[in-house]
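See the structures that follow.
The two complexes that follow have subunit A in common; it is paired with subunit B in the first and with subunit C in the second.
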Partner chain A sequence: MGAGHAHVLHLDRDTPLHRLPPEVKIAAMVSATVVVVITPREALWAFAGYAVLVAILAAIGRVPPGWLAKRSLVEVPFVLLAVALPFIAAGEKVTFLGLELSRDGLYGGFNILAKGTLGVLLSLILAATTTTRDLIVGLDRLRCPQIITQIATFMLRYLAVLGGEARRMRIARISRGTTRASCGSCAASPPEWARSSCARSSGASGSTWRWWPADTRGGCPPPGSRSGRPPGASGWLPLPCRWRQQRSRGPR
Partner chain B sequence: MTEPLSLDVRGVEYAYPDGHVALRGVDLSIGRGERVALLGPNGAGKTTLVLHLNGILTAGGGTVAVGGLTVDRDRGTLAEIRRRVGIVFQDPDDQLFLPTVGEDVAFGPANLGLRGAELTARVDEALAAVGMSEHRDRAPHHLSFGQRRRVAVATVLSMRPEILVLDEPSSNLDPAARRELAEILRSLPVTLLMVTHDLPYALELCDRSVILDEGRIVADAPTRELLTDSELLARHRLELPYGFAVTR
Partner chain C sequence: MEAVALHISNGVLNGPVSAIYGVIALVALAYCVSRGRRDLDDRLAPMAGLVAAFIFAVQMLNFPVLPGVSGHLLGGAMAALLVGPWVGALCVSVVLIVQALVFADGGVTALGANVTNMALVGTAVAYLLIFLLLRVLPRTPAGLGITAFVASVVAVVAASQSFVLQYALGGTTELEHYGLGSVAGIMAGTHILIGIGEGLIAAVTVMTVAKTRPDLVYALRGLKRVQPATAQGVAA
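Let's turn to the complex of A and B:
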């Protein structure tokens, strides 16, 4: 069955933000997040300025507000905490609409809400304008430790494999009369996921076996990256042979 | 009054959310009891079309009717459409997710509301049709790939479909399993739409074939006639296996 043509988060557009090198976007996103986090919570004008900047970035990248709002729902648990804080926090009280609210709680709630929302929006804009592969390339160019890029590469690969598997199984179940509300759906889900996980863990091991020989040290070899070199002869040996070979060589 | 067509697809159009246009006005009619092969290169829109037949995807334009019933978003209609269209997916592991073969085969009819002796009879009937009755209590993952594919066919047969849609049924099967599946499919009294790249298998099982390419039906003729037109096949990236020739 075909994989469809939609990526989960990346929006395929041709904008200046999409064309920007991934390492620049990653560095800018991390820097912006740090600036947002260290901004004092009382500096409301600064948060308003950040919000305007985020809106400008979204406009440049042609990321629709509805798309951002829908995916920002991941933040809901933190929003609930932020809303609860003025009611549960101690300290000086202020009265608003007849409600006794904690001053510290109001600032704390705003702090969580503003910083969390800005962080989520920045991450979403980065994801919408950068493919997952480019993110890895960007991290590699930023001299991120290879073990991190390696883990991230495999994690993304496995997520794609598991996501594809879950999607196909869901379609197969719906095709046999399951609806979200039906008991059949609930009954099928746990063993389905267990089976899927088992099957895919072996499938994923298969991918690992197929990928490993591509680079002896396990880094991703994107064009132009510092790890983009052809593998040596030893790179094509099966993993256990290479493991033994490396052990016999000792640490490098 | 004329008998309704098993499948009547008219002017179906579909574009994925990213703008990729997969179907550009597909017309396809299949009469009751016909066996038709849907051929086409990778990316032609075959799977997208299949997912329209039971309402998994909703057409941007055009209509799909199964046994005279038009596919729409109404829940009751969709349930009936999904009973009428039995899709056997390429990877049987996507279709088999319960602990035993019997439970997997019972999953569809149980969703239709069948219980007790009636449900048991459906399971027995479907397993017998694919020659898997003796494996009823086995775990699907303990079966061979060919057996799993036969069980996958049984999982939709148990819903007594109007039309059986098979996505690449011969893929990954050894020659014996391939022959056994062909014998089973030939013996089933249902309309059959087989999506495949396996041209000899299409010739073996289907009197009629259609070629889908770039989201359109570009040829619709007896299978033998299509397979002898090497220019047509080449134009749509279809090839007979090495050493295989079809004569008129």
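Let's turn to the complex of A and C:
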């Protein structure tokens, strides 16, 4: 699993769901997922109800069904497991269309499929309506230890920069007529990454930590941290936003 | 078939086991946070972000292991080598948390189990091996490369066995043809291959960093910390 991360993007809309404070959305999403998971797998009607609620949520957030379907593909390995379970699981057998299937496996497969899909859809709706920067603000307001939000902030920042660099290198390669595009598009190969990140952190400009934001020495609070100040447009993570804008506008 | 990647989805493990692993992960991460704070100076913080970014990026690359089965780098060994075990475990956890929350990769309720497998078991086993191997091997880029490779292979297999244990404790469906032993065997077999891929990537990365900026490699600092961190440790 793990394919398709780069394609999961925030949808820039103005809906009640987008305007909701990020900490509320994170808490709601986590508790909704917990409720889905502890629902007994035999309660088929409950899952139908959840599906309707998720559809209403997606409609409020103006998240297109096609967008959701495409991004749900991360779930494919588990769908395969769910499809296989009726054939490989133990227990009482039932015959359906000439196939001998395990009743426990059928329920198990449905369980993984329904709970997995609902969980995936919930987190995709969160992703569609929350920027990564807001996500960190939300985690911070939920009293997530600062060391974790700090690492996450740096991670998203560097991902954006390295992603941008890889994209530029890819364009440069294509312009030179090289077709090694697939390699360039994957956020740099290990030695490339190591070299460019070392170059980043040693910097020729005299300042050792060029990427280290000036106001965060010894603290590193993301914008709108517990002080309650909302993140401004010129907030702490401009790069991912810019990168996202480029990605959503540009052809690729 | 069982060798789906280690990102466990919602509904694969039952409620109680997910909750128990959630508590285990929370307690262990709280300890990592307290130890990591001591380690995290203004040199290590950006490095931790970089390591997390790299792990995040390479987890997108799935390399095929067997037909229908693919694996990806977990990053525990590399993180432990570059930023130490405590911050390393936090880096991998951050990747998993962000993936679960917004990228729908790995279920939110299985986050505890995923963090336990990849961030805790993976990093702990890797660091144990790094600790032992670096006493025997020379502290050169080549020595580090071998260490990274061996630690990665063993850590990935250990993480996969941790998943087998979780499935044995709280898998939602019992398997007929595959006993627990054979599931463990299949998982170990495929994850040795995944581990070799991961080991090569980790070795190349760590060797490159060790050649260009050895001061950024945590494992090269040795058992005694270098000056700035020692000063911080005393202050704490």
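Just so it is clear, the second predicted complex is superposed on the first by the 171 of 252 C-alpha atoms of A that agree within 3 Å, B and C clash if a C-alpha of one lies under 4 Å from a C-alpha of the other, contacts with A are read in each partner's own complex, and residues count from 1 in each chain.
Everything below uses one rule, namely that a contact is a pair of C-beta atoms (placed from the backbone, for glycine too) under 8 Å apart; a residue touches a chain by one contact, two chains touch by 3 or more.
Keep in mind it's a predicted model, so treat the numbers as computed, not measured.
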First, second, both or neither for A:30, with subunit B first and subunit C second: second
Touched partner set for A:165, first subunit B, second subunit C, both or neither: first
Touched partner set for A:105, first subunit B, second subunit C, both or neither: second
Touched partner set for A:176, first subunit B, second subunit C, both or neither: first
Superposed model, subunit A: greater residue contact from subunit B or subunit C: C
Touching partner for A:12 - first (subunit B), second (subunit C), both, neither: first
Which superposed partner A:123 touches (first subunit B, second subunit C, both, neither): second
First (subunit B), second (subunit C), both or neither touched by A:84: second
Common interface positions of subunit A, toward subunit B and toward subunit C: 1-2, 4-6, 188, 191, 195
Residue numbers on subunit A that touch subunit C, as the complex places them: 1-6, 8, 26, 29-30, 33-34, 36-38, 41, 71-72, 74-75, 77-78, 80-81, 84-85, 88-91, 102, 104-105, 107-109, 111-112, 114-116, 118-124, 126-127, 130, 132, 135, 139, 145, 147-148, 150-159, 162-163, 186-188, 190-191, 193-195, 197-198, 200-202, 209, 211-212, 217-218, 220
Residues of subunit B defined as touching subunit A within the complex: 16-20, 22, 43, 46-48, 51, 54, 56, 75, 79, 82-83, 85-87, 89-91, 93-95, 97-99, 107-108, 110-112, 141, 155-156, 159, 167
Interface residues, subunit C side, partner subunit A - complex: 1-2, 4-5, 7, 9-12, 15, 18, 30, 33, 36-37, 40, 42, 45-50, 52-54, 56-62, 68, 72, 87, 90-91, 93-95, 97-109, 172-178, 201, 204-205, 208-209, 212-213, 216
Residue numbers on subunit A that touch subunit B, as the complex places them: 1-2, 4-7, 12, 165, 168-169, 171-179, 182, 184, 188, 191-192, 195-196, 199
